[in-house]
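You will see chain A twice below: alongside chain B first, and alongside chain C after that.
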Partner chain A sequence: MTTKQRIWITPTQVELNGTKLPVTAHGGALLTELYRQHVNDYPKFFKMDELSRLGFVAAELLLQAEGDRHSDTDDRAVILFNRCSSLCNDRKYQATIADKNDYFPSPSIFVYTLPNIVTGEIAIRNRYYGETSFYVLAARDYSFMQSVVEASFRDGTTRSALFGWIDCEDHDHFEAYMELVVQ
Partner chain B sequence: MEELVLELKKQIIEVLNLEDVQPDDIDNDAPLFGEGLGLDSIDALELIVMMEKSYGIKIKDPSAGKDIFKSVNTMADFVSKNRTK
Partner chain C sequence: MVLKIADNIYSPLGKTTEENYAAVKQGHSMLRSYPAGTMDLPEPFTASLFDWDSVDLIDGYTHFESIVIQSVRRALEQTDIDVQAPDVQFILSTTKGNVDLLDSRAPAFPPDRVLPGVSAQYIADYFGFSRVPLVVSNACISGLSAQITALRLLESGACRTAVVAGADVQSRFIISGFGSFKALSPQECRPFDIERIGLNLGEAAATIIYTNSQESSQRHTLTEPIANSQSWQAVRGAVRNDAFHISGPSPKGEGSYRAIRAALGDEPASALAMVNVHGTSTLYNDEMESAAIDRAGLLDVPVNSLKGYYGHTMGAAGVLETVLSMRALDDGIVLGTRGFEDLGVSHRVRVSSQHSKTDRQSFLKLLSGFGGCNAAMLFRKEAGNKL
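Let's turn to the complex of A and B:
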């Protein structure tokens, strides 16, 4: 398994293949800044929860670094991991149902109360029809994460994968570390 | 009615997170779903919640939504006739 591209996003900085990208915003606003600067053609971004926004912009920057867009394919997997699951959005949803006198469950927030939605968002954007999976771990374990991806390469279909750690505790505490790897 | 139409447009933009859309961008008679704003089924559910939260209107028959949410004008007409707040 060979790493072709890698990206690291925190609330204050972005590193693509080891090079810091110039950014001015912090926290959730940083993700919007990255979207505006580097993508800006996918309005559904604004409907996503913070975890999906994080995974989406990380994938977009990685794939732009790859060059020719490899899409409409079943040989690329999206395999992500984190610790907080969809907690950030779960809290937001809970706020819509916490007061019985102001009880208006939000359907658009509810649909993001699962962590694996982010893998679907990336697959839909790129028309990836292969494996998508999301694992919630007690702690980051890079060698375990690699072993999961290596197992996917043995399925006879997968030849490359977007994989990594996409964790979002709240608006100001998140981290994405994603790699584009090939068999 | 014009005031209600503008209010609805602002609410649609806010609750559906239509970040780059301004009220003036929404044609009063343009279809909200499919073409037009390109809203989806989750947006439809969010509009049903908005009707209850803002205007006290409970839409019990989901199939009625097709006519109510046809355009901003049809929404405004329905709200003006059925609102309880």
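Let's turn to the complex of A and C:
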């Protein structure tokens, strides 16, 4: 498979195809800055948890660089990996139920206690009807990840994929490394 | 050709596939009503939960890890697989793993034990798997996602044997969350029924072991003969997204329909003994699945849901329900949908509360999950499928 576009986002910097993008904010605010500068037409962003914002913004920048979203198709997969699962948001949800006398579980937080939701957000935004998958590893292992994504092309319909490592421990500790790959 | 060589279900209904099948065939379930105050939750709920005093817990491992280990161990014992071999891949399907460790009252484990990959590594190390374990966390479709991933890795030659386990344990975290969605029924669930109002949660572990028969017929033998001499083949599977909403299914069943079409391929509807659906007993899910089945031209095929026997076992569901469906068809039976009486969906799917006989040899398994994902997988048993 061939990489068409690649992006790397950390709490302090963004690199798109090897070129640093100018940013002034850090951490979670960096993601909001990227959203406002490069997207700014999708208010659902503000309902998303940090993991979903990270993956959403990474995908947006990749697809803008590609120039063609390839919407309304089912031959593009979204296959993401991480180590922390949805821990960042799990902790936030746990806080809403920790005290039985101060108990306020909310569906809009609970829904993000699954790491695959970020793949759903990308699919909804772009109308991708293809495969969406999420895997968790004890540590990033790029060659193992590649073998899983390469095997995904055996689906027979899948011809391209948004693929990468989208990990978020809290709003100051996250990393996205995402590629647009084609068979 | 990817064939099943062993399986196990470790659930509140029994510690082996045989015990589970015998209980389900009798119409039993461990769905029980729990009063308000259980797990410090404010509302009563109905669920299928382990009696932890009769589970073989393992010192130094969490409840979640203990049931996975007990299930995997029982499946491995049916084979002579050398788990240390470099071509054996362990794949674990779970939605929330050790999330109960986030509760301050949970037993003390190091903080990173809540991470599913770390937990999976402890389980893998218990058995001595030499390959890094892969965790599938794809919401409620994880159990099929994991089997589809196994199928691909086996067919591509990335591994020669795949040990696929699925498990979840219930907790205040999960029950309160589904409660916040108003998705739970306080009574026993009623898949596809006109009076259904929600799902029941459940917990279980299940394991299925696949091998690539072209590669492995000289290398693995079975230490006990399987129930009959025919083997189950994992034929084809697909995952597709609704691209509609992160927590509600597409009313037209878009993703489910596309997954069904892709998984079925050219298998004729007349070859299918049944479609074993997700059938959680929520208003939206069951309606959506009936729409997808209608669009796919499968209204003549019997449809069943197993959620009335186990509740929704989340990460375990895809593996447990596949194993049980295979066992039932080995017995020539399409299991009835426990809890169903009168059809309450707008597409006339063939659901029955009673077990029925069949001599058909293939089935489709469906699942759907939060995030808009849907999975479908085709399984087939033929006289020619021998190791």
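Worth a mention:
One rule holds for everything that comes next: the second predicted complex is superposed on the first by the 183 of 183 C-alpha atoms of A that agree within 3 Å, B and C clash if a C-alpha of one lies under 4 Å from a C-alpha of the other, contacts with A are read in each partner's own complex, and residues count from 1 in each chain.
Just so we're on the same page, a residue touches a chain if its C-beta (ideal position, glycine included) is under 8 Å from a C-beta of that chain, and two chains touch if they have at least 3 such contacts.
Bear in mind that the values here come from a model prediction, so they are computed numbers and not experimental data.
Contact comparison for chain A: of chain B and chain C, C touches the greater number of residues. When the two structures are aligned on the shared chain, A:87 is found in touch with chain C, with no touch to chain B.
Contacts of A:146 after superposition: neither chain B nor chain C is touched. Once the two complexes are laid over each other on the shared chain, residue contacts for A:43 go to chain B alone; chain C is not touched.
In the superposed pair of complexes, A:183 makes contact with neither chain B nor chain C. Within the superposed three-chain model, A:119 lies in touch with chain C and out of touch with chain B [touch as defined at top].
Looking at the shared chain after the overlay, A:128 reaches chain C, while chain B stays out of its contact range.
When the shared chain is aligned, chain B and chain C each come close enough to touch A:106.
Comparing which residues of chain A touch chain B with which touch chain C, the overlap comprises 105-107, 111. The touching residues of chain A, counted against chain B in their complex, run 43, 46-47, 104-108, 111. Note for the complex: chain C touches chain A at residues 40, 42, 95-97, 99, 102-104, 114-118, 120-121, 132-139, 145, 149, 152-153, 155-156, 158, 172-173, 176-181, 238-247, 254-255, 258, 262, 369-373. Interface residues of chain B, counted against chain A in their complex, comprise 15-20, 42-43, 45-46, 49, 52-53. By the touch rule above, chain A contacts chain C in their complex via residues 74, 78, 83-85, 87, 90-91, 93-94, 97-98, 100, 103, 105-107, 110-111, 113-117, 119-121, 123-124, 126-139, 141, 144, 147-148, 150-152, 154-157.
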